[in-house]
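Here subunit A shows up in two complexes: once beside subunit B, once beside subunit C.
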Partner chain A sequence: MGLFSKKKKAEEAEKKNKTRSDKSLEVNMKVIKAALEDCDDIVYKDFRVGAEQKLEFKLVYTDGMIDKNVINEAVLNALMVHAREIPPEAPRLIEKLFELVRYGTIPASEMKEIENLDDAILAILTGDAVLFIDGTVKIIVIGAKGWPSRSVSEPSTETLVRGPRDGFTETFRVNTALVRRRIRDPKMKLKQLQVGKRSHTDIGIMYMEDIAMESLVMEVYRRLKSIDIDAILESGYIEQLVEDNYLSPFPQARATERPDEVAANLLEGRVAILVDNSPFALVVPTTFNSLFQSPEDYYDRWFIATILRVIRFTAGTLSLLLPALYIAVTSYHPGILPLKLVLSIAASREGIPFPAILEAFLMEATFELLREAGIRLPAPIGSTIGIVGGIVIGQAAVEAGIVSPIMVIIVAITAISSFSIPSYNLSVGIRMLRFILMVFAGVLGLYGIMLGFLLILCHLVKLKSFGIPYMSPFVSFTASDLKDTVVRVPTFMMKNRPSNLARNRIRMKNNRSMINQIEKGGGNDDEKQ
Partner chain B sequence: MMMRNNDTISPYQLAMIIIMTVISVGVFSIASDVAEAAGTDAWIMILMAGIVNIVAAVIIVRLNARFPNKTFAEYTQELIGTIPAKLVLLLFIGYLTSVMAYELRAFTEVIKMFLLFRTPTEIIILSLLLVCTYIVRGGVECIGRINELIFPLLFIPFFLILLPGFNLLHFDNLLPLFQDIPKKLLMALPLTAYNFGGIEIALFYIGFMREPKKAYKPLILAISFITLFFAMITVLCIGAFGVNYVPELIWPLVNYVRAINLPGLFIERLDGIILSLWIMTVFTTLVTLYFVVSYSLSKVFNTREQKQYVLPLVVVIYYLSLQPDSLAQLLKWGDLLFPYATPFFLYIAPLLFLVIAILRKKGVKGDEKI
Partner chain C sequence: MKKSKSVKLLMGLVVCCTLLTGCWDKIEIEDRLFVLAIGLDKAEGTEGQDMQNKLSISFVSPVLAEIKEGSGPAYKTYKTTASTFTMAPSNLWDRFAKMQFFGHTRVMLFGEALMKDEKLMKEINDAFQRSHDIHQSMLVFVVPGKAEDVFKVEPMYDRLLATYITGIADNSTYTAKIMKQTLSEFLIKINSQKGSVIIPGLIPMKEEVRITGAGVIKDYRLAGYLDDTEGRVQNWLMNQAQGGSIPVKYEGTDIVFRYFTFRRKIKLDRVEAGKLYMTYDFETEGAIEEYLEGKELLDDALLKKMEKVIEKAIEESSLALIHKYQKDFKVDLIGVQDYLSKYHPELYKEIKKDYQQYFTEKMVLETKATVQVRRVGLAK
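Take a look at the complex of A and B:
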């Protein structure tokens, strides 16, 4: 009865096209071995069961991707050793061999039966052990996945002062479990599909059935289904293949390493896309406002959160506009600054051979170089870049008379500001736009900056992420949505979920009256108990 | 709410569109225009004009409420036949195009006077027009959203900037009040009223709302806001400079802001800032008018999309805006056009069509209560 029940028929039709397995083990093995020829990491384990050793079994798996303990304990030990303890009743055994093995003998928790060889091959390559039994068409897939994986650790790109320390890993199942642990509600749905003709990557769509808009979930599913690509290696592939506007410098899906953030977004009616082999989950739809939010905003008290939000929005604006303003003011409108400041800027620019725009470009470009180099370099050498950069940017350039000290301050403030934006993708977009605005400022001064700014605003209001205006809630205005924007109101006041995302809008009930009652010392006796 | 077609605006967006359209180049000059006609009673005249325009707006909504989900361009064809309606529409297009050209040129002159002294007029006009085309091609929903977004970005800093000038005010300058009110009502009110030009585009934008009857409240609120804003600016300018000096100034608000001195702060003079902000008001005015023009053209030529008319219009507006040789000529031409054209499209045309609609019993009835 889920959203996806209609899709089942199509899946069944698909099944018919696959190679069906044969009764004979030999025939099956021929097909499997032909398909997996020259794949030397595949292990074929023959064994015989029964007192007369007449029942032939074959276990196939990929070396290194299975948990050998499970195989030894659940399959080999169970079939080869324990099975002997049961008195053999040969005639019955052969007839019901499959049922006996499937339901009675193998003590593994994850098992399913299939009847076609394509699925069997996929299962082998996924890391499951596949058990073939001579004389039956049914094949048993034993979930014995176990490969070396990174354990759950603190997300490196989104660190918090206050908040949980666990982050997503590269293993799909661990990631889904991390989210599920936070929302123990049957309404939290996880729809899985495999994308990528060669990689067969597991992708999960997570949503709250009674909160997320049905149309949104179906749209996400439709877009994911439409992907026809050889391999999905990271959630970045998915992000780029499902986004609305590929020309936009702004990210239209939020990539996050934090399960608590995914959970919070699910509860607001958004949809999360989890991708195997990627510690980044995608959250759609994304708005400009949500990219300035950090999970910490909800964990800290509201006025701390509000101050942080104001700082972040200011940082975003500074990072976008500051170098452009410097260019415009020094080369076109020195009049708007106080006379003394103008004189001191003019004095510091004395003897500098370049116009302000070139100076700014030089310094900003140097800084971008340093930043990129800092990421690429291995950690032990990383600090070298800091020293070299500090000396080059900070001192040598000024002493050599190439740039003015004011410009150094501007570059520093811009750099710090751009790191204050919680979303890395957004800060890269803003960085790019900063250079465009610098050109505008160099050509037309303050007027140019305003034109560029308006152009960016126009682009932002045109942009939509999965049908939601990117600038909401600032546009398509609903008063209750503004409670979680630049100002984050106290938690008990945020009673509603976002109006354009959630179907079921009531989030909580106000408990203030209860608290106030007790403070006053009065109140109802029944409630006190 | 989501995945809807790109063709509706909300009541709130309508209010924003009207506010941002009416407040444009005129903000800087309104105090001098009205002070010249009405002296110290200027702000009273503006309040009166606001009431007149609220009545006009009610007429516009009544007319539109008879034709839900239809714009002026569509229902006039029902009312007076296809060919006459298209002629009226062409008149409207001509009027709005010249308003745009006028605004653009006046804007350029201000920019050249205060911000960019040596930049060629052509560059300033063309660059702003091209930015406009980008958003107009996005359709009515984008128009609604950009107005919604710019409104707080514009007015919050705007009020903050006007605030430190309060020490310039001499309230004696505002006296005497209530002199010759009947005479001024006759002479000055018509002059004041057309400063509210721009409300007439509601004829089109209400057609994009789901329920036209919901347009009364936002429209009345929008006009009240505009009225109070204009009145405030007039009081500030007259209070600072006196009623004799203000009419001498072309843009008294700029002078007011220039007179503000903030010693010891990071920014000393605010005129650069307020002029940059003011680019946004001109931009929104241009954009909303631009959309109406391109949309009307698509109705005249019976095409489904308005997009294809946007870029060709650049050439027309650009050409028109370069026609006046100087600011003086521009203002003279403006004085020839607006006192006649604006009242016609703002007051006479909606009333006329409403009467026709009632007489010919066209459209939906039952919209009698406000």
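Take a look at the complex of A and C:
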């Protein structure tokens, strides 16, 4: 019993509204041709089979989207050449023509039969070859998808030192296969649906049946079903259409290019949404904590991972607060810095024509410009921009006396910090909040930063992603969940799955005692257990 | 409806509370005039007159451009006269484009003449206690002579006078000769001890300053000075010595005893015929730093003898200072009162009223030192 068996009835009812196919090939083709009029990339291939060449077939497909080898070998060659090897007993053949072709003649691995023309058109446009046979209502869809696609390569936004190098591609089926390869468990479910009235984009919901909460899976399904849009061109569309709070600067779904990341999240009870034409899978629900995690944390030894986590959280804080702190301290509270530092900052700021807040805005804005330009420009020119920007920011501005050297250091540290947050979406959100905090700092000093920070915290505590508090496990406090936050405890200690996500909580058994036994030169098994 | 109204009201209150709290001006860091040291003097030639501007206040501020590059002192001094301390900064507003900022003031110097003026001292102390501009962790010193003279010193190695002075004061960890006192300590003591307090002394010289000895303030007036050695003994008596060395002569040879710990305890021995007999117990551990070449120091009998000599030196010098307090200054700044009030509250209640008289006439104070030489150096 799958989760979705209830939904099947509704789907069947839907089928009745579609145009049924006719026995006559001529009638069918009329409908198809009318629908696909002026679509010049559709290929109609007529052929006749049989001793008297009376059995009419029509193969329809979209040029460029099918694998011609499959069509030639499995359909045309099989029907037109090999079929001749069977002694023609025409009357019987005609009666059972469909069964013969469907089960006997075509050596294609992927086939299904349909009885309505709308599905046939969709199949044609999806990249399947559709075989019409004169005299039967049934239409055969032959899976022969084959279009030029990018091969599996290392994900460019989430590179690791240690870990698998494969990343999602733009092809849905490749992506699902990449995840399936990691979890060979029948409990790993993939529910597909098509969203987008015009694009008919394939979307897959992946989850572990016995781990993920049923309510969560149904909620994801419900939200996806509710989408009524002409086209889904990227998983970003889905992310925005299903998220809880559209005003929040924080991403409420994790976009990842890594199948190992998706697999790990599935095993923690989350749900992944794979979208055709997008190398980014969405993982929901997402928490603030998980956006600071990288798959590498689990591949490296625990204390390395812990140090990296601490660095990332520090980087996040710095990237959010540093320019604001600079403004507050220089404009309001020079008393809190050591004397020599204060004098050195004051000396470096002397002659700067702008107040600290303007100086900070100027530099941060310049940096944002550079970053944006660097992304947009083609790679060879991009490095040039880097050099030019580096000189402009780093040297010229200081020498011209427009900004102070301290400010350059602040901008540099902020920039580096914001790059060390694993989630790009989150770092963009933090970038935005940074500017808001700078305004707060410019108006009210440290007190303003505190107010701003409080506001952000209030928002974060209130925010939910698919019913899970965004700040969990820090808010919905469960001590065992804290094992995988700023500190990542040794793997054998992480025995449980997250308490608010997973149903089947035991993940592993501690094998430490076994290892210790071997160290002592073996021993009685019963003794230790 | 009603609920949303009260929520709105509550929100309004919260917003008011948060946004109307605090009030400070935004002043860019380079527009602030960092005052690193303050010198307070009694203005000259005001005796007998109306005393309009009876205070002469000097400030030391860094020259920012000099800090980055350039040689020589990176600070300038300026002076103003005012009727009260609080008036001084406002007097400067018509002369300076920058705003004075006291958040980094490190040193406060009092001139001798000022310290001898009881009324002025009371006024100034009050000003410091009330002021929110002046933070109280700056160091205070008394200058025999005029405080502003110190600001004319151009230190040899330091480019900022204030950090130079605080640097010297930090050496109090290594030698008990140097006293270090913050403004808050000074104010707390002068309040709790009814106008009597010890304040470290600072003497300006040509290219340097010296923190030496201390001034003894009695009833808000400077009553006299302690010299270098007395300053050290003062630290012993007050149990504030952290380290230092005592030079003594042992059989015609100079030896140096360097101590790492120095503890003192006061003990009330007996009350007899209206007199209080008390003992200062000193316990110190340290090392003999030098002796004669070829002489064996790991000789228990010899060390015992040396310890005796050192003990005697400690006892004598501290007894001398105690007597100075009892006879000359006639004020208890050596912790007896504190001890009595804490450990013998009944007794203290009786003598509280005429404490000064008791201290000067009816107390017999003895000293007893226990010296332990722990180390004798590398040479055998």
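Definition applied: the second predicted complex is superposed on the first by the 523 of 529 C-alpha atoms of A that agree within 3 Å, B and C clash if a C-alpha of one lies under 4 Å from a C-alpha of the other, contacts with A are read in each partner's own complex, and residues count from 1 in each chain.
One rule holds for everything that comes next: contacts are C-beta pairs under 8 Å (C-beta built on N, C-alpha and C of every residue); 3 or more make two chains touch, one makes a residue touch a chain.
Keep in mind that what you see is a predicted model, and the values were worked out from it rather than measured.
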item	value
Superposed partners subunit B and subunit C on subunit A - clash or fit	clash
Subunit B versus subunit C as contact partner of A:I449, first or second or both or neither	first
Touched partner set for A:L358, first subunit B, second subunit C, both or neither	neither
First (subunit B), second (subunit C), both or neither touched by A:S215	first
Which superposed partner A:L339 touches (first subunit B, second subunit C, both, neither)	both
Contacts of A:S476 with subunit B and subunit C, given as first, second, both or neither	first
Touched partner set for A:V461, first subunit B, second subunit C, both or neither	first
First (subunit B), second (subunit C), both or neither touched by A:V137	neither
First (subunit B), second (subunit C), both or neither touched by A:T330	second
Superposition-derived comparison: subunit B or subunit C, residues of subunit A touched	B
Stretch in clash, subunit B with subunit C, out of 311-319, 329-337 or 347-355	311-319
Footprint overlap on subunit A, where subunit B in one structure and subunit C in the other make contact	332-333, 335, 339, 444-445, 447, 451
Residues of subunit B defined as touching subunit A within the complex	1-3, 10, 12-13, 111, 115-116, 119, 123-124, 127-128, 131, 134-135, 138, 142, 144-146, 148-150, 152-153, 263-273, 275-276, 279-280, 283
For the subunit C and subunit A complex, residues of the former touching the latter	18, 21-22, 24, 26-30, 32, 34, 36, 62, 64-65, 67-68, 101, 103-104, 106, 135, 160, 162-163
Subunit B partner contacts - residues on subunit A that touch it in the complex	213, 215-216, 219, 332-333, 335-339, 341, 444-451, 454-455, 457-462, 467-469, 471, 474-477, 499-500
Subunit C-facing residues of subunit A, complex	329-335, 339-340, 342-352, 355-356, 442, 444-445, 447, 451
